[in-house]
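Take this structure first; my questions come after.
Chain nomenclature is as follows: A, B, C, D, E and F, assigned in order of appearance, with residue numbering initiated at 1 for each chain independently.
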Amino acid sequence: MKILVVNPNTSEEFNRKLEQAAKEYALPPTEVKVISPASGPKSIEGIYDEALSVQGTLDAFIDREKEFDGFVLACYSDPLVVYAMREITTKPVLGIAEASVHLACLLGNKFSIVTTNDRWEPLLHEAVRKYGVESRCASVRTTGLRVLDLEGEGEGAVEKAIEREALAAVKEDGAEVICLGCAGMSGFDKALEKKLGVPVLDGFVCALKLLELFDQYGIRHSKILTYAAPESKELTCLPSRFSKAYLKDR
Amino acid sequence: MKILVVNPNTSEEFNRKLEQAAKEYALPPTEVKVISPASGPKSIEGIYDEALSVQGTLDAFIDREKEFDGFVLACYSDPLVVYAMREITTKPVLGIAEASVHLACLLGNKFSIVTTNDRWEPLLHEAVRKYGVESRCASVRTTGLRVLDLEGEGEGAVEKAIEREALAAVKEDGAEVICLGCAGMSGFDKALEKKLGVPVLDGFVCALKLLELFDQYGIRHSKILTYAAPESKELTCLPSRFSKAYLKDR
Amino acid sequence: MKILVVNPNTSEEFNRKLEQAAKEYALPPTEVKVISPASGPKSIEGIYDEALSVQGTLDAFIDREKEFDGFVLACYSDPLVVYAMREITTKPVLGIAEASVHLACLLGNKFSIVTTNDRWEPLLHEAVRKYGVESRCASVRTTGLRVLDLEGEGEGAVEKAIEREALAAVKEDGAEVICLGCAGMSGFDKALEKKLGVPVLDGFVCALKLLELFDQYGIRHSKILTYAAPESKELTCLPSRFSKAYLKDR
Amino acid sequence: MKILVVNPNTSEEFNRKLEQAAKEYALPPTEVKVISPASGPKSIEGIYDEALSVQGTLDAFIDREKEFDGFVLACYSDPLVVYAMREITTKPVLGIAEASVHLACLLGNKFSIVTTNDRWEPLLHEAVRKYGVESRCASVRTTGLRVLDLEGEGEGAVEKAIEREALAAVKEDGAEVICLGCAGMSGFDKALEKKLGVPVLDGFVCALKLLELFDQYGIRHSKILTYAAPESKELTCLPSRFSKAYLKDR
Amino acid sequence: MKILVVNPNTSEEFNRKLEQAAKEYALPPTEVKVISPASGPKSIEGIYDEALSVQGTLDAFIDREKEFDGFVLACYSDPLVVYAMREITTKPVLGIAEASVHLACLLGNKFSIVTTNDRWEPLLHEAVRKYGVESRCASVRTTGLRVLDLEGEGEGAVEKAIEREALAAVKEDGAEVICLGCAGMSGFDKALEKKLGVPVLDGFVCALKLLELFDQYGIRHSKILTYAAPESKELTCLPSRFSKAYLKDR
Amino acid sequence: MKILVVNPNTSEEFNRKLEQAAKEYALPPTEVKVISPASGPKSIEGIYDEALSVQGTLDAFIDREKEFDGFVLACYSDPLVVYAMREITTKPVLGIAEASVHLACLLGNKFSIVTTNDRWEPLLHEAVRKYGVESRCASVRTTGLRVLDLEGEGEGAVEKAIEREALAAVKEDGAEVICLGCAGMSGFDKALEKKLGVPVLDGFVCALKLLELFDQYGIRHSKILTYAAPESKELTCLPSRFSKAYLKDR
């Protein structure tokens, strides 16, 4: 199967990490392509950043939708654009947060998410509640570090901060599984797992492997209500490609 | 006070209704301006439509943020852009769904929302849950009509469908208050109230009046965590106005 | 509009504070009268005190109901008498706790309540849960001080205790908005807001302003189920005014 | 042990029924006295009625508190006065709704409450939620009949209406246990149980037997936080007996 | 009435404690017999242990079901076998955890459970949630001690550890009632209650006394849905007594 | 990888269906063996049946645990034995209900379960609540048919009943995904999906594919708290294999 990974920020470093993880975990016949939108912010550290990434991300998706069999939106949050994508394709689209929390529930009684700056604590709590698994979530912990720090050289410090919060989640909050709460943390999972002695999930790998699973089992998301194809309508001052997307599933 | 109402779709009919309601309910010193973004869909009937409206809506907001004292985002949903706006302004921003459900809770034990096409049923249930008032929500009912039908001539039929569902919410679901679940329903409130004998809330009026209340009391949204000003970062292929918005609240 | 504020305890100091706040925040045409019942406890520090205040409070309300357009019951709790009043009037009646928590939800992701003696912690948690917004409540914190201390000279100490708990709510519990959890704290809001840098709500002002909003919008509480007018019945050894209240809404 | 049953309304018919049930189910050494307050409404059909019953009920309780070992407040609701009583005594006080729903949870997966007029549906749902067992409650159903109808001659009709709703609760809502939702229904339990084939609980009997259980096991309600003895304070225009109640547990 | 207490582990020490408590609290006419299964683990410290106890426990129960009027399954958890027993008898069967938590709710606003090894913290949280009373549970605290330590000589140390955690539950978690979270803690209740000043419940006594209450009131668990008698079916390599149990309630 | 599927009942028909599904969906290198325990009931229609299957199922598992890399417990419920197995192995163990509901959450907003006899309705609701996804569950619907009917010739009728309930779940309950709620329904998924136009999940396939995913990603369940290896203890009258299982993971 061919999987398109859309990293909604424009950080090439992130893409390298995701490509590396895809290389490591994708099955041999799976082809994985990682892209960033042509327009948007360098990182997504809140809702304003997310909002700035929406149009570019959708654009990149619509442009390539036909060539791929499944899609990962590689931002550890509950991105609006995942739902928009599901409305205009019949192929599976997964976010990396939802992928990881549902797998986490199958591996231990409670999971915690370790993420970057403080705003994600309320935002990811909301996401977990929307996904329905709030009773399984021990905590969302933040390192206080910025997303782009994850790219830099000081990775030793970043890794240490993540380890500290993950350990606290295990010792103080009752977490039995850790979810890495940022696409930029991709690749830290196994090293952290060794240190902590509990399963550590890289949301990107979770989403990637679930898409393979969906493909092998032949399942796709439901198109009858929440993700039904939208009725077409007049668009003003938007590229024609957005209009054509309405026609897709007719 | 000066209030900017951003209708995130491009329907002029909606704007007329909102202006009419503003005329009727705003206090004398309040100036209300209703605008639509320069780009975007004619109506918002789902998440794809919402996604297409994000950039234009933000653009229109940023362009005029300095001139106004408060903002209404006039789409009956939980719009991403409300949170984005809150991050980049210190002035109050309200959505019309959140405004109406919290007031509804003060007027009766349970409320129901009557809205348009079926997809809004799950989406507004999610919104109500995010706002925290799911235990106060009797039901979300849909007329099955499209948003743009609300503009058309057949308003008698639309009104009847809304009345039918609102009555069912009262009789079958235990609703004591009705929230009109679409900006395009603005203006139906008092007529429906007379027929049903229960309070009927126009979310736009709720948001407008709450902004006046905030202004008179001197309160604004909190800027310390969820709506804190985002750190600036590199933006690619986006109008410079979006970059400048980062600097705002420093 | 004419608003009657019923302070259910007999502390004149409280009434002075409420009158002061009314003077500051009511719109010019709004007339506000603050009264205490003829009988009852000097302060309300629990359910026994509340129970002792019920009959006097109702009596005072019934006596003046005709002359006013809206009513505030100025006790920061979920007072039984608010619901009793709603049954026997068609004009809006608001408690100050419910008013503040719903507005708090519109100003930040999570709010905390800072109140007086320890018993209010479980009692206000129950109230918040009944209002439906428990998922939005970061904490209820108590200063351990008695209600009547709020009247005394040592207000510096009281203010400091409130500030300490409010700060802890923000730093440790994730509160983004603070609700002052006692009518006797009326007037501390703006000073505390300045110190904390987050919105601080005086429940009395919230209720007062919401009544004005209800008046301007022309909305009242629902009379069809929970607050429906009760059937009249034989009363024994109670002032005849209580009997006549049954007949009101026929 | 000596149990005082306070029926907070002034209906002698109710008292007769409760005395009959006490005779049938109390252990031989248990003495049960049923009283009504000297003042108050003939029945309690809502919160206004409850409010009118508060002072008389408390008065009657305080007057006799010393002579008895445990107390039942015989109104199927979540009466304010139960909590007031708990604050000023160290002896156990039980409401009949809380008693029945907790026992119902031990007898079947889900229970339903069948009660009288419609207002009790939202009110008892709130009570069930406050007691914590909302996930075990299949439904609250109302017969639409008034409380005082339960006293009258047409008991055949009342019984039939209760049976109809109880049967619907079992067949349509998944109830496995029925709670009779009014003190005036006392005595219907076993007849209804025979017809339905599911356990039917008379809340008064539940409370009575639980008080005996508490007595035999030597347990009482906790006095450290929610039901702690209140600080004494100045009371205005209230019988001195209410003042003395403060001193009780020092 | 005749009550059979099945201690699902094979520890005779536990049985002695239970017999002692029964002697102290059972009414004179109540006969109580405490047994352990012929096969199974010496203690139940998790689900594997529980699983090993299931067949022996059921066997012991089926063997004596006819001779007794009610049954206690004396393991402080949510034992599978309680539900199995309810399916094949019409007589009441109670677990000791469910018995204690529902009584705890009647004695204070919030309760905590103090138990042994760490695994019980998540397991008992799940049980509390299944019983429906999670909003009433302040905490589940563990001493870190093993179940069998409760039998040994070092009871002073065990008692101290329980007291320490119970005190922390009261001081830090807001508990107003303590439930002893292991059958092997039977007998500690009154001593601990004296030290803490809050009600302390021995789940075994709770279950025993509730069975007496059920007997006196003439109530039994519901047999229409969750605990309905199962259809008989072919059993392979199991004692014939298990087959005959199917026929019971026909 | 080598997967052992333990069907906890003794129905060979079920095993055939599971083998067929494994053949269809397992990856080429995956070896799947389906077994039934040597002792136990022909079908599992409730908790008594489940209890009778526990010892045999554990026995069969322990006997072969070393030879396999992952385990499916093929009963659509929340089987006790899954948790027992997790305690005594470090290899992944999945139940088929948990596997299907978490995947269902990734495919649509709400899912429903369609199962066999009525008792499973409350039991599976409890399971869904324990898994944490109750807010995502539209309904649990039962066909009223017995488990073993699924084996018989009248499969047309069984299939029709399942289809009827699944359709009702979609049309009336808002389900967007259907989970087949019995291992014996394995193989109906794709046919039903075609008729309904929504994703239909066979829980067995879900578990099987998730085990492959776990293997490829190198993740296993957490062993630090809920599923930690139990301390060994004296076992009475049980095969020595059960004792040896304690030593396993030291």
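In the analysis below, a contact is a pair of C-beta atoms (placed from the backbone, for glycine too) under 8 Å apart; a residue touches a chain by one contact, two chains touch by 3 or more.
Computed from a predicted model, the values in this text were never measured in an experiment.
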item: Partner chains shared by chain A and chain F (touch criterion as defined above); value: B, E
item: Most widely separated chain from chain A, with each centre as the mean of CA atoms; value: D
item: Chain pair equivalent in interface to A-F, over half of contacts matched, among A-E, B-C or C-D; value: B-C
item: CA centroid of chain E to CA centroid of chain F, Å; value: 28
item: Interchain centroid distance [CA atoms averaged], chain C/chain E, Å; value: 45
item: Per-residue multi-chain contacts in chain B, two or more chains; value: 109, 121-122, 129, 135, 174, 225-226
item: Chain contact graph, described as a line, ring, star, complete graph or other shape; value: other
item: In contact (per the touch rule at the top): chain pairs; value: A-B, A-C, A-E, A-F, B-C, B-D, B-F, C-D, C-E, D-E, D-F, E-F
item: In the complex with chain A, residue positions of chain E that touch it; value: 121-122, 126, 129
item: Residues of chain A that touch chain F when the two form their complex; value: 25, 27, 92, 94, 98-99, 102-103, 105-109, 131-136, 170, 174, 176-177, 190, 197-199, 201, 205-206, 209-210, 212-213, 216-227
item: Residue numbers on chain E that touch chain F, as the complex places them; value: 10, 38-43, 45-52, 54-56, 58, 80-81, 83-84, 86-88, 118-119, 121-123, 126, 129-130, 146, 148, 225-226, 228, 230-231, 233-238, 242, 245-246
item: Complex interface listing, chain D residues touching chain F; value: 109-110, 135, 174
